[in-house]
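What follows is a pair of complexes built around chain A, which joins chain B in one and chain C in the other.
After this line comes the complex of A and B, so read on.
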């Protein structure tokens, strides 16, 4: 049942739930092509156009789009790449910058009027990104430290008393091989998922108590709902940026640890 | 930590490494030792093994983080 039919049928307020994330196929007979997929493709095109117009014909004195693009580039390089990759930073900027911009635009779609759907609140999207980074991390680790060297450096970091290794190696293994990529994806997914529900909830409160069911007692609640929607939208935009940054930062961290084992 | 010369930017890297590894380590510790404790409980019928395993997992993972990044 969709939210609208609930609004029409009952006269009690019903908080939005998981139906926010269910979409019918846009084209009949193509079940995978739903709104999230469309928004994901659209955002990818936006990122492509943006980076193309910013970096295709660079000028010595940046203007317009190039200015904006270079601001993003400098931010990702100084805050994401360099702290973790050091002198390798420039080699990985292409990947990290694309990751950062793509996820940020995907997230921003959650507050763009008319679209209002953060792509990564469907868990498949962050999982594909996290698994790609995971495969890259393993590949680089095997390449730079050797297959056994990689596991040795990971599970037996130097500087611990011998018997402790027996107890700690399983934790290291599980943490690096299974939990880390999992949390990498889930952190992004859960933030966007919860944010979307919060925004939908407060805007529905405003809509319900001010338009659908206007009563003297309910009206202040409706006003509160609208105010909260505005406040949470601003907060959400901050979270969207933060999560895009964190995802790229963790990717840089994993890559950095594969290139150079931790001491 | 080795004796080699440390560059200042390494400190930032270590700090971020530690900060973002802690949840992952603690979760792993709980899963590994809580899981072992749970299996022991099922095998022996002594219920106490599960909470003992869970707490041991937390303690060991915090100790691991401390030894790796704490100094």
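After this line comes the complex of A and C, so read on.
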């Protein structure tokens, strides 16, 4: 909120921009300890506490947190792991569940009052996750299909007329080796980044026209801003869940393709 | 325009990661991966497998118990039917035996009754004969006494005396034969 107030101190309305994502160090002289880092660590701790209370001593008849945790587990298992990994699903559930919970809680921080910062709107966080999946994907691909076999399966899927490969091979290489990890990270990052800007924009409209600069003409606009903020918050919560799901699903897809070539 | 340019120079490119956030993000991811993926996921997987097992096992056990119950019921029914049959047979047998015993007893009783009657009749006959013989002697003597007294003469001649008595008795017998019977 302090950033917004600072921005709105001029005489005319100015939409929030990139400065939304700039934070000074919390402690002077410790440049790395900023709000995004604090929120990232805090939400990681929340994930650990939640999963520990749900799964540490699981009972045959689930109670309380275990019910909630099992809902998450069965969702990831049935919607993410099994469609892409089949019988290997159980082996990769640990990774997929970690990704899903961590990203969802990181995203959820974007709408928690007082925190209101989606961790992955700083690209370093999705980037490190996507890179880890990328390395795992290459490792599994080389291990299960061989170094050359992996590229052969990727670039020269059998059963196509010869000239097509001239076009297909470079496209497949590019899309699998360079574009895929990039989009994997950027899709998550951009969604949260844009969502944060949208929420900041509408709440600033409300704040500016109702508190900072209350005029008969501007007031309805301020009310609209507040209503839009509420609506967009609900929508944003849906997107946060969807992006966590999507990131885990893509990870499962990459792993599945490395374990068994598509064709 | 100047302020916008200054601002753009001031803020970092949002597509360029901060090095310390890479480290914190990587650290957070691997901690979660270790705790959730390595420690907790196997636990919940084990529990879920056990639950499936328990439910499937429970269903199977219930089925077995039901089968067992059905078999037991079947055997009880068979035993009951057999017992009923046996009871009916025993009852029939008992009735037959009872009837037989009754018949036997009746014949025995009849025979006994007949025997007793025979015996009684024989005894009566003998007693009557004895009484008759005794009476005959007595009456003879009394009659002769009486006759001699009435007639006043002694009938010493034995032969004559007996003839007279016999004749007298035959007359008597002829008159009273119905009465003695």
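Quick note on the criterion: the second predicted complex is superposed on the first by the 254 of 263 C-alpha atoms of A that agree within 3 Å, B and C clash if a C-alpha of one lies under 4 Å from a C-alpha of the other, contacts with A are read in each partner's own complex, and residues count from 1 in each chain.
By definition in this document, a residue touches a chain if its C-beta (ideal position, glycine included) is under 8 Å from a C-beta of that chain, and two chains touch if they have at least 3 such contacts.
Model, not experiment: these values are computed from the prediction.
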item: Fit-or-clash call for chain B and chain C when the two complexes are aligned on chain A; value: fit
item: First (chain B), second (chain C), both or neither touched by A:93; value: second
item: Partner chain(s) touched by A:125 [first = chain B, second = chain C, both, neither]; value: second
item: Touching partner for A:64 - first (chain B), second (chain C), both, neither; value: neither
item: Touching partner for A:193 - first (chain B), second (chain C), both, neither; value: second
item: Partner chain(s) touched by A:149 [first = chain B, second = chain C, both, neither]; value: neither
item: Chain B versus chain C as contact partner of A:56, first or second or both or neither; value: second
item: A:25 touches, of chain B and chain C: first, second, both or neither?; value: neither
item: Touched partner set for A:249, first chain B, second chain C, both or neither; value: first
item: Chain A residues touched - chain C or chain B, whichever exceeds; value: C
item: Smallest separation in angstrom, by C-alpha atoms, between chain B and chain C in the superposition; value: 18
item: Overlap of the chain B and chain C footprints on chain A, listed as residue numbers; value: none
item: Of chain A, residues touching chain C in the complex; value: 17-19, 21-22, 31-32, 36-37, 40-41, 44, 47-48, 51-52, 54-60, 69-70, 73, 90, 93-95, 97-98, 101-102, 122-125, 127-129, 132, 186, 193
item: Chain A residues touching chain B - in the complex, by the definition given at the top; value: 82-84, 86, 157-160, 164, 167-168, 170-172, 174-176, 178-180, 183, 249-250, 253, 256-257, 262-263
item: Complex contacts: residues of chain B adjacent to chain A; value: 1-2, 4, 9, 12-13, 16-17, 20-21, 23-25, 27-29, 31-32, 57, 60-61, 63-64, 67-68
item: Interface residues, chain C side, partner chain A - complex; value: 7-8, 10-12, 14-22, 24-26, 28-29, 31-33, 35-38, 40-48, 50-51, 54
